[in-house]
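Labels for the chains are A, B, C and D, by order of writing; each one numbers its residues from 1.
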Amino acid sequence: MSIDVESMAGLDLQVRPQPVGIAVVGAGYWGPNLVRNVVQSAATRLIAVVDRDVDRARSVAGAFTGVRATSDLAAVLADPSVEAVAVATPAGSHLEVASAAIAAGKHVLVEKPLAAGYADGLALVEAARARGVVLMCDHTYCYTPAVRRIRELVRGGVLGDIQFIDSVRVNLGLVQRDVNVFWDLAPHDLSILDFILPEGVWPVAVSAQGADPIGAGQACVGYLSLRFPDDVIAQVQVNWMSPVKVRMTTIGGSKRTLVWDDLNPAQRISVYDRGVDLADPADLGADDRRQAIVSYRSGDMVAPALPEREALQGVLAEFTDCIRTGRTPVTDGWSGLRVLDILEAASRSLEFAGAVVPLRASDRGEGR
Amino acid sequence: MSIDVESMAGLDLQVRPQPVGIAVVGAGYWGPNLVRNVVQSAATRLIAVVDRDVDRARSVAGAFTGVRATSDLAAVLADPSVEAVAVATPAGSHLEVASAAIAAGKHVLVEKPLAAGYADGLALVEAARARGVVLMCDHTYCYTPAVRRIRELVRGGVLGDIQFIDSVRVNLGLVQRDVNVFWDLAPHDLSILDFILPEGVWPVAVSAQGADPIGAGQACVGYLSLRFPDDVIAQVQVNWMSPVKVRMTTIGGSKRTLVWDDLNPAQRISVYDRGVDLADPADLGADDRRQAIVSYRSGDMVAPALPEREALQGVLAEFTDCIRTGRTPVTDGWSGLRVLDILEAASRSLEFAGAVVPLRASDRGEGR
Amino acid sequence: MSIDVESMAGLDLQVRPQPVGIAVVGAGYWGPNLVRNVVQSAATRLIAVVDRDVDRARSVAGAFTGVRATSDLAAVLADPSVEAVAVATPAGSHLEVASAAIAAGKHVLVEKPLAAGYADGLALVEAARARGVVLMCDHTYCYTPAVRRIRELVRGGVLGDIQFIDSVRVNLGLVQRDVNVFWDLAPHDLSILDFILPEGVWPVAVSAQGADPIGAGQACVGYLSLRFPDDVIAQVQVNWMSPVKVRMTTIGGSKRTLVWDDLNPAQRISVYDRGVDLADPADLGADDRRQAIVSYRSGDMVAPALPEREALQGVLAEFTDCIRTGRTPVTDGWSGLRVLDILEAASRSLEFAGAVVPLRASDRGEGR
Amino acid sequence: MSIDVESMAGLDLQVRPQPVGIAVVGAGYWGPNLVRNVVQSAATRLIAVVDRDVDRARSVAGAFTGVRATSDLAAVLADPSVEAVAVATPAGSHLEVASAAIAAGKHVLVEKPLAAGYADGLALVEAARARGVVLMCDHTYCYTPAVRRIRELVRGGVLGDIQFIDSVRVNLGLVQRDVNVFWDLAPHDLSILDFILPEGVWPVAVSAQGADPIGAGQACVGYLSLRFPDDVIAQVQVNWMSPVKVRMTTIGGSKRTLVWDDLNPAQRISVYDRGVDLADPADLGADDRRQAIVSYRSGDMVAPALPEREALQGVLAEFTDCIRTGRTPVTDGWSGLRVLDILEAASRSLEFAGAVVPLRASDRGEGR
């Protein structure tokens, strides 16, 4: 697959096609954001808000004229003006809701994670392929100006070969009952890695360390280690108990190293022309390599200018463009599966005290 | 043992005893700092600088009148005016140099790490005990005003029970040939943990992930995970390849969480009265705990004022006070052994792909 | 007057009175924010949006059912369901719009600055008093949690006597045609000073330096110096040409100094127990004072926890509470006049190359 | 004059000439730094340390073999091995000490400010010219890698035309008895401006606001406004009472804006390709200019890499090179005079409540 950021929709829809009629399912935490963006976008039209709690659906939909608020998903799926469904329910119900929508011939946008497990996610991917509808993951961060730019820089070779990645996402977060901190926070980091890394660069194994020092019944502090070929390592740190909020990702490359500090709006991305080079490692035998001379680069740092743009508008632009053109979304079902693959491996590693757990080799699918 | 920071010397030496005559062995990276501080301190007198390269010894000693510069360690050890030896040679020669000094009845201050391995370190500890001389580790950070204050706060119960620790020490560092990034950088973090944690709080097992993406022949990127009882976790991150220098340690406690940012001189320590509490976990059965209600504290942050003080002056004050009084140093040989124990376990874990390696239970010694 | 923050409404309206029917006049930059907050607040009901450009009014009002969008202000003022008018037009039309609203017996909330000049503002204050309606300035910052807390700390004596104030508000801002950078940005700083300073602490004279290095026809860079009794000084720096956004205010006191960094959400307020004290200046004669010994305090810093709260909700709560109870708003017309007094003096100072211009003594009014 | 940074000495002295014999006069605050650097530099040889307090002189000189410590300046000036004198006494004695040295045919390096007043400084400049010796100001900041780079960027046209400058130097500083905060701190900012600004860009008038809210007998808080031709403005803010240390200078240009944050070692200099442009102001009549369209640039930010280098080594390199070659130092006596000119004008402005005081037009001398 060779989809470039440049070909991603949403920046230059010239001829405005008919808006896509959308129902948002789930009026909890994320649903209202989807509703607001579907209303604002010229490419979409909000038809209905669905929630088990019809009052909640109504309060989210209510301010907007003519939008249906209901708890009756089946009725909404039977409505031909609904072309697409955005699923913002808890992950445990993604399979049921999205399957029903796919069966009804609707295009589907699913909040992260794609499903409660890999098998469920795979079922959705295959059902969507069989039915010929678009299945897209709402990996929102991938549609921020910062992450789009990081993708360009990484895949465009500006950083050189990737050598290490360190990603920190910690906060005084909402401790959850049924989902540990990996499943809650790491999907962001993993979907970003999936989005920015070049073709063929993907971890082969995972190990995880977690702790629940407050007795919450779930890991509240977690470290996820990803092993790549060529002795490349990535780590994702997640924590619900940090009084300080940190969202910082460092991507070390053979040419440059990029630091993304998402909480520094004045300088989100810094690209450092600094690093360590091994002098001619290719020319040396294995024993000589230990004696090889290391050199250091110490060049300028560049912080690229970034436009302001709400990520969910980009999500909807990509979704509607794929619906209208038949194109595969950049964050398609396979990307959601790759995230689930790592999350399941992390859970298995946690069960076995941090054992290294290999990832499924075969499901890189069409996406990478 | 119950040595308090308050009883540490160096702040209030009232009656000035006779200065301790000191020879500094090793005139490389760290030796000149020792030399400068031995000269400046009223409690010490610099007698000699020893280095295999006598010119280097002379250039370090030379500016100061009457200091001997030599490559002849034996001669220096035979000099009765030399009461103590500060060893700043590479770790590989610590056993040889320090053993000779102990055998000559000199008190010994050893640069971190104490020795090239646990067995060597233990030999030094036992030799010093048998000979009745002071053996002290130059765990310099422990003598900074910031770490002294952290020790007071942690051991004084201000943070409550320790729940998690995250320590980051990354930099564009000097890639070394014979020592990996764990052995180079983690001794700082580990000696600090040893210094600040309360009696009885110590890890029981270790796992480590490392990578050498540039082919340096040593891990250049490392993650060290420390498992404590009660599902407490600590992680130490070390990296020679980061273009950005970070030295930050977060210590999460049941009452408060402390963040130490050593590169922010205006606010090195921040103590947050923010966190997550589990509502009455003790009152609940195991199954009920998953349903327990979590509550959040959101109080003020306090950044304590810290005095300015050069850490090496505190090291020398502790060393000379222990020599004069017979007291055991706060950073004694056992503390150096505990650091070596973790470093060796980390190396074993690296060999076995991140396997969990238990620590020696018995050698907490007298120190903890 | 002795209104405390604690008595400010909006935090604890227990018995919900009838919502206040509001028309928002001006659908440009600020109007949509007012509209959104009027819709969200339970204490207000949006009746109409008025703008010369009726399409703009409609687009702002349109999404909300049953809100009238019109360019006919007179018709709206004739509507008895409109109890209050929020004026968000350019300052040049504040007099006309607000006067008409007052004449129609409506309570009026006016965007800063209160009017295009002091005389116009005074006319509004007097008209509102004569007609018995509430006239309130939308000094939005005063209703942020940070500024409310600063007021408590300053007026509560935590800082001691105020010694100096430095306020910086710079940005790559919208260069305006008819209003210079002082009139555009300084009303924020000045209304905040008016809000937080204790009774009786107010400048007596002003001088200003401005520059228009790009030939915009207006000062784009400005420094405003405020002279208080007792050799206290305040400075407000405003700049439309700074590539870096800074919003930082330092308030130096005899006991503590407060730094408010509004762009650091993790630590907006820092209260430093650091400073310079003169040893017993009161005990010394004038000549001796030069020889007096200065001492330094170096205590902890405290960053108080702040709640999250949208400021405009606080504005509306104060406005509606004053309407229902007859109370005078904390940011009443007099506070707006005091801001205009300084702005006019600044303009005069600019005309005369930075000459010191005294402020009107008499119009501290009831407010201070 | 057309001295480029590139031609400044100290980076590439190839053929090592005979070291310059130097006497340091004044062993107080700054003297020991000079002593240490004179000892370290291969281009200089420390002959003597002179201080009224001979014990202080000895303690500063004492550690170094063969350096004379004395209170007898005349004897030192009579010593032919002393080729040059570095004056680090209080400003009040600069005239006396430096005049004596010049009369004795010694080259002179004077700590900032050059003298206690303009007339004194001029006397030194003329005496040095008459005697044919080098007179150099120790404007230390000008020899830091950051300020050297800023000079290159500003004088090289990278910023375009200078539009505004804002320089902040605040701290919990040493309140002084006989010198106000302008004379204590502003020489740094003013000597830097003198160093970095292009030929012909220099202020024509000054106004100052100061306050002494603690009754120290001297202004402790100060704002210095510098007026340039073409409606360009600079401000220097100095304050001894700030609990937070800030050393930040913003230089706004027509092409780019530079921010120098000297307390951020990881990113001291940031060059922003962001700003405001006026559309074709040259093509428009005066009245039309108010209607002119402003456009905004929003490009990348670049933080140039800077070498590490102790500034005083650069000072000594420049001094000794000028002694050996007869070249005029970049920070010659005229640069010191320009600083004094502004400081005296600031003092006069303070006396007259912030009145605008013109600078001496004629004394730009050879330096600019």
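As a working rule, a residue touches a chain if its C-beta (ideal position, glycine included) is under 8 Å from a C-beta of that chain, and two chains touch if they have at least 3 such contacts.
Not measured: the values here are computed from a predicted model.
S.K.: Expressed in steps between touching chains, what is the minimal separation of chain A and chain D?
M.R.: The fewest steps needed to get from chain A to chain D is 1.
S.K.: Which other chains touch chain B while also touching chain D?
M.R.: The shared contacts of chain B and chain D, listed by label, come to A, C.
S.K.: Identify the chain pair with more contacting C-beta pairs: A-B or A-C.
M.R.: Of A-B and A-C, it is A-B that has more C-beta pairs in contact.
S.K.: Pick out the pair in B-D, C-D or B-C whose interface repeats that of A-D, meaning over half of the contact pairs match by residue number.
M.R.: B-C
S.K.: Any idea how many Å lie between the Cα centroids of chain B and chain C?
M.R.: 53
S.K.: In whole angstrom, how far does the Cα centroid of chain A sit from the Cα centroid of chain B?
M.R.: 40
S.K.: At what distance in angstrom does the C-alpha mean of chain C lie from that of chain A?
M.R.: Centres of chain A and chain C (C-alpha means) sit 42 Å apart.
S.K.: Two or more other chains in contact with one residue: find those residues in chain D.
M.R.: In chain D, residues 244, 270, 274, 298, 301 touch at least two other chains, as defined above.
S.K.: Under the touch definition given earlier, write down the residues of chain A that touch chain D in their complex.
M.R.: Residue positions touching the partner: 267, 270, 273-274, 298-305.
S.K.: Going by the contact rule set out above, which residues of chain B touch chain D in the complex?
M.R.: 39, 63-65, 244-245, 263, 266
S.K.: Which part of chain C faces chain D closely enough to touch in the complex?
M.R.: Where chain C meets chain D, its residues are 161, 163-164, 166, 172, 175, 177-178, 207, 209-218, 220-221, 223, 225, 227, 230-233, 235, 237, 239-244, 250, 252, 254, 257, 259, 270, 272, 274-278, 281, 289-292, 294, 296, 298, 301, 353-356.
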